[in-house]
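Should a chain be cited, it is by its letter among A, B, C and D, assigned in written order, with residues numbered from 1 in that chain.
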Amino acid sequence: MTEPLLSIRDLRVTFATDGGVARAVDGVSLDLAAGEILGLVGESGCGKSVTAMSVLRLLRPPARIEPGSEIWLDGRDLLALPERAMRSIRGRRIAMVFQEPMTALNPVLTIGHQIAEVVRVHERASRGAARARAVAALEQVGVPDPDLRARQYPHQLSGGTRQRVLLAMALVLHPAVLIADEPTTALDVTVQAELLALLADLQRRLGMAVLLITHDLGVVAELASRVAVMYAGQLVEEAPVQELFARARHPYTQGLLEAAPRLAPRDGPHGSGGRHGGGAGRLRVIPGTVPPATAWPSGCRFHDRCSAAWDRCEREAPPSHAVDASHRARCHLAAEPERRAALPVALTGSVR
Amino acid sequence: MTVTRPSERGGAVWVPVGPRDAAPPERERRRPAYGPWRALWRRYRRDQGAVVGLAVLATIAAIIIAAPLLAAYPPDVPLDIIALKSQPPSWLHPLGTDPVSRDVLSRVLYGGRVSLAIAVLAALTAATVGTLYGAIAGYAGGAVDAIMMRVTDACLSIPRVLLLLTVAALWGRLSIGGLVLVLGFTGWFGVSRIVRGEVLALRDREWAIAARALGAGATRTLLRHILPNVASPIIVAIALGIGNVILLEAGLSFFGVGVQPPQASWGTIMQDGADQVRALWWLTVFPGLAIVTTVMAVHAVADGLRRAADPRSGYGARP
Amino acid sequence: MVLGAGCGGSGGISAGRADAGGTIVVALAADVRNLLPAYAISTQDQMVADLMFDRLADPGDSLNTVGDRGFLPRLAERWSWSADSLSITFHLDPRARWHDGVPVRATDVRFTYRLFTDTTAAVPAASQLAAIDSVTTPDSLTATFWFKHRYPEQFFDATYQMHICPEHLLRGIPTSALLASAFSKHPVGDGQFRFASWTPGSALELVADTMNYRGRPKLDRVILSISPNYGAAMAKLLAGDADLFESVHPDNLSEVRRRPDLTTIPYDDPSYGFLWFNLRTAKGTRPHPLFADRDLRRALSMAIDRAAIVRNVFDTLAYVPPGPFPRGASNADPSAPALPYDTMRADRLLDSAGWRRGSDGIRRKGARELAFTLSVPTSSKTRQQIAVLIQDQLAHVGARVTVDPMEMPVLMQRLEGHDFDAVLQNWRTDGAMDDLRQTWTTDAVRHGANYGDYANPTFDALVDSALTTSDPARVHELLHRAYTILDNDAPAVWLYQPRLVAGVHRRLHHAPFRPDAWWAHLADWSVPVADRLPRDNIGLTARTTAQAQ
Amino acid sequence: MRSFVVRRLVQAVTVAAAVTTLTFVLIHLAPGDPLAGTMDDPRIAPSVRAHWRQVYGLDRPLPVQYVRFLTGVARGDLGFSVSYNEPVIAVIRRAVPNTLMLAGTALVLSFAAGILIAVIQVRREGTLTDRALGAISLGLYSLPDFWLAQVALLAFSYWLPIFPAGGTIDPVIHPYLGPAAAALDRVRHLVLPAVTLAALTAAWIARFQRAALLDVAADDYLRTARAKGLSEWTILVRHALRNALLPVITLFGLSLSAFVSGAVFVEKVFGWPGIGSVAVDAVGARDYPVIIACTIIGSILVAAGSLIADLLYMLADPRLRRAEGDADGGATSAVAGA
């Protein structure tokens, strides 16, 4: 593995709430290499969005990034930068696309203004030059009639166009890293497909690294080259996309795969259509919900929902075991592979 | 400015997924069942400013209730019209004396009773009238609603002070009861709009329809089912109304419309020194401070109530 | 334009008189309402009228109203009486000019008389002119007043009630349009000061009439600086923005006296305040349940400590009058009897009249409580304060008084409807004996200001005799007997006659203050050159440029 | 847009007519006599007053007076003021500019100050600054208008004589001042009443604006703005405030009525010859046509205020504008606008 572009080291984020301190992200370490797309998956509340927001330091009180956490980019720890320096990173070196295209744009400012603003705060561009860059960025993301659009307000655009606008806004300065937080969740299926194709295309052309946050394994299968799975504030499994879909080691990952419609990694012949294959009758759900972040279960945080759990799981928090050079899993099963034999078929990782 | 907002009363939607986890998690299970008022109080208590406001208000209430014990002099009787007239603050008369040699502190203490009594009664009157009016308009809807609201618009467009002066002029002289009525009957427009908005929003909720389906009449549906759900904005309106009436009573006294001499209210004490502010400043400054403190406390309490009842709402208009 | 010409010519005179110059800024606590002398009612209006318009003759400092003793020539340089005293002939000063340059003529006098007595004009002073039959003009400088009958104050009425108005400017205006006419906004007079400008609510400016037949006033200008209330007017005096404020409240006196640049000048106010009992209720149709009883009125009068009240409200700045007259008025009688302050006697009187104290200290006779409402206007702080004091004092003899402050218009309606229990009232008088007739006689119940329905034929007869007698000693005797009756009947409690204190800037050399008009000698005021402020040196020419704006 | 304005104007006229009639009836039912100014002088005979009543038509039955008044209004004649001795229109024409100057200055001051206070509070949310400013605005909000005016007068005109005690100009020297000095004279007279009037409303606006800002604080587009690398101030002012101003604009309409009310007191205390003090004096003097004229002006002001507020709202919120090209998002915009 080459020198990572972005490196998250032991990230811990806590929230002070009425119910106690919530450890939303609890020791996540993650590397993002230049030009790769890393999918970060997990159920809602597992901490993936918080992780993403931490990278840009967008978290607001009561959220707090604990000391000891590090996020390295360009040889600097972002968490140690003064706010002013951090501002020059946001939007220029690292950009972010959010999941709510309906609300992520300011309703009272024109599209052009909102995109040009990025150029104007980071570069000493004239009003006109910034505006031209904005129009060009709109064109780049495939918005037809970009000149007109630039003069319009968000409410005059469709959801898909708005998401393209957000993408244009993120990419206008060609950032090294793009964090896409559930970029297509709020869109309908055909628009999703178009956008994902666009994202893949732009990533290839601009050569940037993408941290793709999603709960949708189908999206990951289509776009990502590597996958990291989060549960309860921790990274539970990390592997190249083919490897993960073929040989998930963590029961949670397996559960996710079980719960999703039929999946295949991107390079299969099915493309995006693959997710619509049959097998609906075989869908399963992971029982229970993600526990509240104020009270993670002891031992393995997944043990109370895990059908493979045994007494060790309740007692002892599993470390992150290296399955091979590129595959890690946080599960006692990785240390006690013999137990796997006793498990029900559904959890052994074979996916039809 | 009618605020329609998602109701908090529905409670958290907690739907367990899957068969294994039928019971709620630990934290949820431990929470005792609160009534709506307990819940309101719990949220209220968290608001420091509101708690301070309530404490101040309670202290003021205690002081004016205990006025006969605290006041060193009779409030309405001249002490010595030659030797003790218009004395600036001193040890014997901490807030000075007025032009007819009455002790200002004693008058402020007793005057608070009058001012607050008027304020509370007038605010209650306004709330009652406004609630009924708004409820009828909101429940009736349609043309009735439109006409009724047009009327309140018209009334709201007359500055209240002018309206009050005009109406007060009708009487020629106002007893305390008259003052309460005049202040009450010119203060209900805002309340009626709030209530009307809420009722309009609530009358077509499932439970209201269900109540009607079960044969409850309009009055019963309104009184037993809908209005209790509008209670918190009404309470907030009453609290704000109290503050406003205290200010208005003082304002009316400024124009010579107030309680009858020799009785004191905070407004009339100020009025006694109004054209001699320069020489007799203590007559203006001290009752004014009493008013500001009280109204501030009332507003803090109203703010707290509003935040407790509806954490996301903005601030209402000052009439 | 005419004005400009006048001012242009005045520059030389101004420069020629070394002592001429200076501005007096008079702080007023209420706006001027009206610039037509015929309708001048308030003090401010009268001041403006007096400064801009002259009368035929002026009563002078003696303020005598009987005969013509002490009267000074004004527009009339002299006058003569007919042998039967039924006519007076006035000979006008030929130098007198209106401020537009037109000479003042006898026809102006006749026009003014007709205007004042025209019923469609409804001039307030009309009733004082009722004894004049007509005015004739034998020649352009002679006007003769013909009277219906002889009476002591006929000269006073003929001269004092009317400021002569310019016929040539008012002739065409219908009486109903007078108040709205251009003249009422920009009057042209003949007095020593001429009108310059008026911004309602802000200021009214008068400037010296340099060509005046009575000579140029020493001051260049008089500015009436208008404030809406007492406090603001007082503030202007203390801030040095005004040079004179005519009635400094006792509460502010010490501050004014401490000021090195201000001096205080006390003077009598020709008014008297009283507690007025209404003797008949229901629009005067039946006796008042309480106040129809003379003993009750007398008892209440004796229960009120007037000296203490006056001391409280006015400090040392008021007298307790013995009757319905201010000091110095023609009808004043300092030796008039007055009921004493004697609560014991008051109590005894009430006891003997059958008023018994209840457990609450309030007296009752049968089912009736000794309780009544005392109305006061909200506009008068003084009277509200007195009302509270009276309330307290009468409580000691077992009477329950409800103080009822009401707006002036309401009080007015109540008075005119004879619909009240008791009122605190203040009458401003012109010092003439005729005041008595207009306020306290039976005739005044219907045609005057006797709203309390006091009626005593003996009193009426005595007043009538006094008004038609010319022998001063006899008049005094008649009045004394009338006041004795009044005191006996106690239709009112005479409470106070205020003494006013003016605060005046020291640089002004002032002339004596006259009770009916402190400004009577304003033309003689001056500002020594050495003491002048910038505003004293504006000069008369500046006005013309300002006017041109 | 035009039909909207026309509809609103018709509405305003209806309301004004209703208010006028109501006031007319109320004030005529009230006891009292407009000729009270003549009361201090016993020499004015009842016959004189009777004549004046006849001249002013006060002796007619109420409906007749009302019809006379209406026909007058129809001809643009608001009647003749008994207490000012001049046509009502002259009184109004003199007073309205003064009130507009005072209320206009106060309006600008209060919105500027209120919004600024709110922005500072939100920027420093939860800190001592926030709490202190919050307490101050709560305090100001709880002040009786006339009391603040009197205390301001006491403090800055009497005890510390910085400002004049009343009026719009110094009547003595103003006519002789140069343009600059004359303007300064006006400003000196305007400061105390305008600041007093503005303070109360500013407190109200600050409280409202702060709530509105906190309301949008969690909005997603602010996170977007932050992710773009904008500074907190830029985000607050350019993004959050632009949105949070929308509800505050509606205050504009409401505040006009508050200003009129406040002006009544402030004008009285500071002797500012505006419509507020004219109105109060007229009620006191039972100067019927003046009272009615003031009421009409008041309701016109309030109606104009809410109309302006609505128009401003439309201008400020692109979602309410009928935009030129809705090619792509017509349906969406309808939904978003709803």
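Side notes on the structure shown:
Keep this in mind: contacts are C-beta pairs under 8 Å (C-beta built on N, C-alpha and C of every residue); 3 or more make two chains touch, one makes a residue touch a chain.
It should be emphasised that the depicted structure is a prediction, and the values quoted were computed from it without experimental measurement.
If each chain is reduced to the average of its C-alpha atoms, the one that sits nearest the average of all protein C-alpha atoms is D. By count of C-beta pairs in contact, C-D exceeds the other of the chain pairs B-C and C-D.
If you average the CA atoms of chain A and of chain C, the two centres end up 92 Å from each other. Chain B and chain C have CA centres that are 49 Å apart. Once the centre of each chain is set as its mean CA position, chain C and chain D turn out to be 40 Å apart.
Distance between chain centres (mean CA atoms), chain A to chain B: 52 Å.
The set of chain B residues that touch two or more partner chains comprises 169, 172, 277-278. For chain C, residues that reach two or more other chains under the stated contact definition are 229, 231, 235, 378-379, 407, 410. Considering their complex, residues 229-231, 234-235, 249, 251-252, 255, 308-309, 311-313, 378-379, 381, 384-385, 387-389, 391-392, 402-407, 410 of chain C touch chain B. Listed in rising order, the residues of chain B touching chain C in the complex are 77-78, 81-82, 85-86, 99-101, 169, 172-173, 256-257, 260-262, 275-280. If you check the complex, the residues on chain D that touch chain A are 219-221, 223-231, 234, 238-239, 242-243, 246, 316-319, 323, 325-329, 332-333, 336-337.
Interface residues of chain D facing chain B in the complex, by the touch rule stated above, are 14-15, 18-19, 22-23, 26-27, 29-32, 134-135, 138-139, 141-147, 150-151, 153-154, 158, 204, 207-208, 211-212, 215, 247, 250-251, 254, 257-258, 260-261, 264-265, 268, 279-280, 283-284, 286, 291, 294-295, 298-299, 302-303. Looking at the complex, you find that chain D touches chain C at residues 31-49, 51-52, 55, 80, 83-87, 94, 153, 157-158, 161, 164-173, 175-176, 268, 270-271, 273, 277, 284-286.
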